[in-house]
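Questions regarding the structure given below will be posed in turn.
As written, the chain order gives the labels A, B, C and D, with residue 1 at the start of each chain.
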Amino acid sequence: MLKVAMIGAGSVVFVKNLLTDILDFPELRDVTITLHDIDQERLETAGMMTRWTAAQFDANPVIEEHLDRRAALKDADFVINMVQIGMHEATLLDFEIPRKYGLKQTIADSLGIGGMFRGLRTIPFMLDLVADMRELCPDAVLLNYTNPMSILTQAVYEAYPEQKVIGLCHNVQNTAHELASYLDVPVESLSYDCAGINHMTWFLKLKIDDEDAYPRLWAAMENPEIFAKDKVRFELMRSFGRFISESSEHNAEYTPYFLKSEADIAAYDVPVDEYIRRSVRNLGRYAETRRKLLAGETFPLERSREYGSLIIHAMATGKPQLIYGNVRNDGLIDNLPNGCCVEVPVVVDKSGMRACNAGSLPPELAGYCAPHVYVQDLTVKAALNGDRDQVHRAAMLDRHATSVLSIKDIRAMVDELIEAHGDAMPAGIRGRTATTLRKSA
Amino acid sequence: MLKVAMIGAGSVVFVKNLLTDILDFPELRDVTITLHDIDQERLETAGMMTRWTAAQFDANPVIEEHLDRRAALKDADFVINMVQIGMHEATLLDFEIPRKYGLKQTIADSLGIGGMFRGLRTIPFMLDLVADMRELCPDAVLLNYTNPMSILTQAVYEAYPEQKVIGLCHNVQNTAHELASYLDVPVESLSYDCAGINHMTWFLKLKIDDEDAYPRLWAAMENPEIFAKDKVRFELMRSFGRFISESSEHNAEYTPYFLKSEADIAAYDVPVDEYIRRSVRNLGRYAETRRKLLAGETFPLERSREYGSLIIHAMATGKPQLIYGNVRNDGLIDNLPNGCCVEVPVVVDKSGMRACNAGSLPPELAGYCAPHVYVQDLTVKAALNGDRDQVHRAAMLDRHATSVLSIKDIRAMVDELIEAHGDAMPAGIRGRTATTLRKSA
Amino acid sequence: MLKVAMIGAGSVVFVKNLLTDILDFPELRDVTITLHDIDQERLETAGMMTRWTAAQFDANPVIEEHLDRRAALKDADFVINMVQIGMHEATLLDFEIPRKYGLKQTIADSLGIGGMFRGLRTIPFMLDLVADMRELCPDAVLLNYTNPMSILTQAVYEAYPEQKVIGLCHNVQNTAHELASYLDVPVESLSYDCAGINHMTWFLKLKIDDEDAYPRLWAAMENPEIFAKDKVRFELMRSFGRFISESSEHNAEYTPYFLKSEADIAAYDVPVDEYIRRSVRNLGRYAETRRKLLAGETFPLERSREYGSLIIHAMATGKPQLIYGNVRNDGLIDNLPNGCCVEVPVVVDKSGMRACNAGSLPPELAGYCAPHVYVQDLTVKAALNGDRDQVHRAAMLDRHATSVLSIKDIRAMVDELIEAHGDAMPAGIRGRTATTLRKSA
Amino acid sequence: MLKVAMIGAGSVVFVKNLLTDILDFPELRDVTITLHDIDQERLETAGMMTRWTAAQFDANPVIEEHLDRRAALKDADFVINMVQIGMHEATLLDFEIPRKYGLKQTIADSLGIGGMFRGLRTIPFMLDLVADMRELCPDAVLLNYTNPMSILTQAVYEAYPEQKVIGLCHNVQNTAHELASYLDVPVESLSYDCAGINHMTWFLKLKIDDEDAYPRLWAAMENPEIFAKDKVRFELMRSFGRFISESSEHNAEYTPYFLKSEADIAAYDVPVDEYIRRSVRNLGRYAETRRKLLAGETFPLERSREYGSLIIHAMATGKPQLIYGNVRNDGLIDNLPNGCCVEVPVVVDKSGMRACNAGSLPPELAGYCAPHVYVQDLTVKAALNGDRDQVHRAAMLDRHATSVLSIKDIRAMVDELIEAHGDAMPAGIRGRTATTLRKSA
């Protein structure tokens, strides 16, 4: 009997979306769903939402709510991780401290200083979760949705090489929909070949049926209205020749190009501090969702673009699915370092998940991704080894931070962030004073 | 009979140094030296200097002066390249145009915008030189001393994989001497293990006899007098944990750390525009050297730290030598991309040159080198393919330029530099207007 | 409009099977099929069979017969190769000459001496075919069904790296059906993970639903009736721990285990000279098929297990398919040499074919495959370079031949085979006398 | 103060040779030599020999004799391993049991069945030795002279990746001397480029001064007198194009070419059971050496061709040496599997030992070495994992054994050998009955 554990189920709307996707497959309607959250009220809300969703499908899945994570994991076939460690308060720190030093951010959850610290405070949770999985459901597949995607996925496969894990995002699918709208074609007419790292996955080939879509995309970019919808990414295409995944607001904070000056921020409509606003909105949305559930109101119900249910369906039924996932680079992209976390096509069927070889990226695209890979690697190593120096070194290699801050400010900012996050930092990193950076050979 | 061709022999003092090194080996005193320069007077001066040097050793090498490069190359065993394409005037452009946009440089001859353009104007010469070598002395070893080292060496092995070539620099040797002085020990007591890319070769291990020297080096850095001698590199050691090769003035322009603000420039004593002053001095030195030769005055005569003569001696006699050289990365450093140009130990004996495996760099050091590797690769590809877009893309990945300039300014600066260098640019790059950056898939 | 070219369409029954598979997909029924054979009568027969098959589906594909191969290739989307170069006569030579020296074979069409020579005489045809494709249908995918699979596929991707090509066999699918019968379960209940080289693809994992099937397979092997059905392969499983693809009669001739002595031949029921009998039967079958077509009789009509139509369907519709295919080893199996031809999972959709990473084989299985990989590589190099020495060296590394023959006999046999095949051998190999094997460094 | 531990010092003549080499370097004469053997008398004899040798150099090294191995290892800088586990009796088993089944051997100490079993009984000792070294002299370099070279060296670096280890043999040096004699030139005039695996290291390039020596070597082979001196290796050169290291008597047992039939044995003068005779001779030589020492007689005293002293000298003085050594394949030979043990040039100086990249072997030479690499890997894994099945699988991949024996006989022979060696086999392999080969997935 198929059993899916949802960890961090307090992300109630996301739970509804994933469950809708799952139950939309008739073959999966006898699933068991175990919900876990550390917040009693949110867990209860998730339970209500799950039952409401099941009811819309006339399905009778077994639904369990567990404050005890281990009970939720026991004998699971799939574990879907969607936690947010530190919640709104930690997010605020990730924005406010850098901003004090002059470093502006937009989303701060994946790459860059914000991504690093979100990673540092989430890795200890990931390691605990997987330690439990090794014991309670060693054959289960971990589907990770929590950001920072590359850092967390890499932390899992470095610490537990035997754990089946894949990092899942919607950046490729969403970008495909956006491209379809810029090209004014149905998304079904598009086919594409993508590779890179999460949030920097390049549309290497893009076709409308059998026709190369790039000439039309270059032409579309000349239309100021279309350009205005995605300024950062069109500018990156102009510079590097290919369209990049995720969104303009995310990509704006990954490079030195768009946030160094007020002029650039204005020219490219960069929404500084955007994620703080979203985070506040999310709090409100949760409250409203709970209110509606209690009031017996209804919600929209349609398939999302998430890959989670496709993976579950493919493994359960054997019908192959091709998705994009984040996995260990075992020669998959041969001009990015082995061991880093890459986003490539992954085929899934009854035998599990198999990553596809993507060969070499064009050098300009590999060169665009590569600096981030080393920052991610150092962040993971810092957390796994409890090595505070590696946090500093990661920050010293971040493209955006170093284009804005002095060495002295980078150091002070990193130390202040570590201090502020306190016990949320991995052991070995927290609690020490700033007199680091003095290692011998 | 051993025959060594010196190409760009108008670098008269460098010719004297290499020849001194060679003739200092008794086994090599019957060498034939062929000198080539395109400047008749400089060639004549080189001839005088060569004969003066030989006389000091009571040696009777055959010395030939050739305005015709092909005659100099014919049947050579070693070809030593020390040309400077474009001379002082081109160097001025490489400084002045970037400076106009707000980009300060110190040396501008290896990495960064200056290095890229020096590379672009020198690659056509390198390809011509090697084409002649394939015909006239196909077994000869090309010892390249001309900068930008990595770009030129890579251009040769990419265009002519069968050509024996090594890029030679003194950055490791000089740094060893500087380290000895900071540590107050004789340089002979030091041993070390280095790897990286040219001008960014890291002293991974450093010993004084059998003792790890790093604790003493960290202590030495605390002495303000010593710190003041090499501020940039000590700061890099503080950040990244290891000492880096080349010098503080070179390294200052490779990263976003030291040239973004006047405050940093002052704090780290960064000598902006340094190479312009050196270049002027070099012109004066040449004139003075010629005057002294004509006047029959003498010159100091001592072994240099250059590896050239050691390679020639090892291949001629079979006594092994271990040097540092720049070669194709065929898995030598496994966390830098294959095919890039790395600086690693190379052992030389009668069988030729063999590069040593250096394994993995620590991630922070690989991460420091990696961005430059992609810029170099794109510069080489731009020149070999005549692809102006690749020049733009290389500039867009340069750490220093992007930390200072906007996208718009990078583009304008690159186009202006291409325009200014005119016919010196490789075919396919020059002559086109700035309407590039419009490529399809 | 989808266009499929069938080259070697005189394999009339195979044409019928592939076409049945294609037309069984409603979306593909408006396909254009171009048939090519060099034998007028066989081509005509293929045309009749194609039309008969189409009629059974009430489909109206465009069907063209071409004696001119170029006309058949023009603008094709898929080119399916099923030629047999040299036909029955060449096959006889491949058996009879080795047998004279004491080397027995069973099938002689893929690995071993027979496979080598079939490869040598087919490579020139493959190179011609692909040269035409580069000109007439450069975007077409070449689906190769002709043996020797690994050698021919490798020859194509070495000579034409830009050609889309995949080598297709039914060894995995057939083995799955056989395993299902030994396990007495429906084949649909099996899932598996396979990797290796063609005809030596190992069932690394094998499951009946969620249960490891190997314990039941070991038990089944103990049943003498089941063992008797597949003696060679069960014995290989006993020795190496996993079940191997293809069949006992093929595998018997690949190793030194089953054909060295009459005792082994008897004990393992090895059908010596089997393929000669099959080849005779095939001639009879063709005649009978033609007779039935002319007489208006009917044929069975059911989907085959071949992957060809699945690939066409997946690329045409975008619905992903997971098949096993033979492709260049670009790190796909990391303990077999790069560049060799491996059989691994390949996922196909609108974006084309992507090979999946298979990681490392267990050392015993890699060690079982590896010797053959070098023989294949040398055979390909021999043909591409016209290097007769490489043919000898390939033979000297063949496991079966060297376990039976002396060096002297291997040499004489190779030379006699080259002589006998005459102009069918690649230029540079044929026509020379046997005074080879005298090369300098 | 330099300290060298000799483990297995009862190999008295070898101790004398190494010590002569060491003391021949004036800089090394104040070395401390610690001798260890488990045989009291042999240890005493080794002590006498060591003192006699020191006296010839007027040197006063500290010489210690230790029955306790740990005392000998304490604080050593170099540990030289020359043990023979099982001595003459075990060697006899390695010959006699295979012979009973029909498998003839010549030396049986490195590759093949004899090498496998020598490896299996020596690995437990190696692991103990290195465990002690990690504790007592963690920075010491282990110079391994004991056979089977590749298996033992690989076992060390797999079990203790942090241990500095190199496998040393004289096969390259001796072959160079032999080649010089066949070519009738002084060995000093030869230079060469070799790579492969121990006892199968190929002379890829061979020069007499600047001239390719291979044409002269092919000519020399035509002289029946010269051919007669090295029949097996000349025949291998005729087949594979390059000369191989070690000797004809060793190489005869590595392949299916020379020992399958009495005719081949006679034609190639293969000395079956040679090592038994040598082993008996060695026993006599030891007795005679002891007698002479006690009688105060003298011994010849000249530098050997062993690399041991060169390594010690280079690390002590910093003067680089280029030797051939056996090390982990970290991409050194890129068409042999990573992790296998390869023999390549290694440069040594104060910084230690660095292996040189050897690139790709020609496919015929890689193909010649590769099968053995998998046998070695399986033997190492069998011992480290205590996996008896892996012993069987290793034997099933041995080229020579499988060319002579049936599967049934291979299995029986392996089981009988395991039984006969009893407690000398690694735990997990010994003691079990022959009902192995029944593993699940």
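Everything that follows uses one rule, which is that a contact is a pair of C-beta atoms (placed from the backbone, for glycine too) under 8 Å apart; a residue touches a chain by one contact, two chains touch by 3 or more.
All values derive from a computational prediction rather than experimental measurement.
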Number of steps on the shortest touching-chain route linking chain B and chain C: 2
Pair sharing more residue contacts (C-beta pairs) when A-C is set against A-B: A-B
Gap in Å, rounded to a whole number, between the CA centres of chain B and chain A: 42
Residues of chain B engaged with two or more neighbouring chains: 205, 334
Each pair of chains that touches, named by its two labels: A-B, A-C, B-D, C-D
Residues of chain B that touch chain D when the two form their complex: 191-193, 205, 207, 318, 320-322, 330-332, 334, 345, 347, 349-352, 354-359
Chain B - residues contacting chain A, complex: 204-206, 212-215, 218, 235, 238-242, 255-257, 260-261, 263-264, 334-335, 337-338, 363-364, 366-368, 370-371, 373-375, 377-378, 381, 389-390, 392-394, 396-397, 399, 402-404, 406-407, 437-441
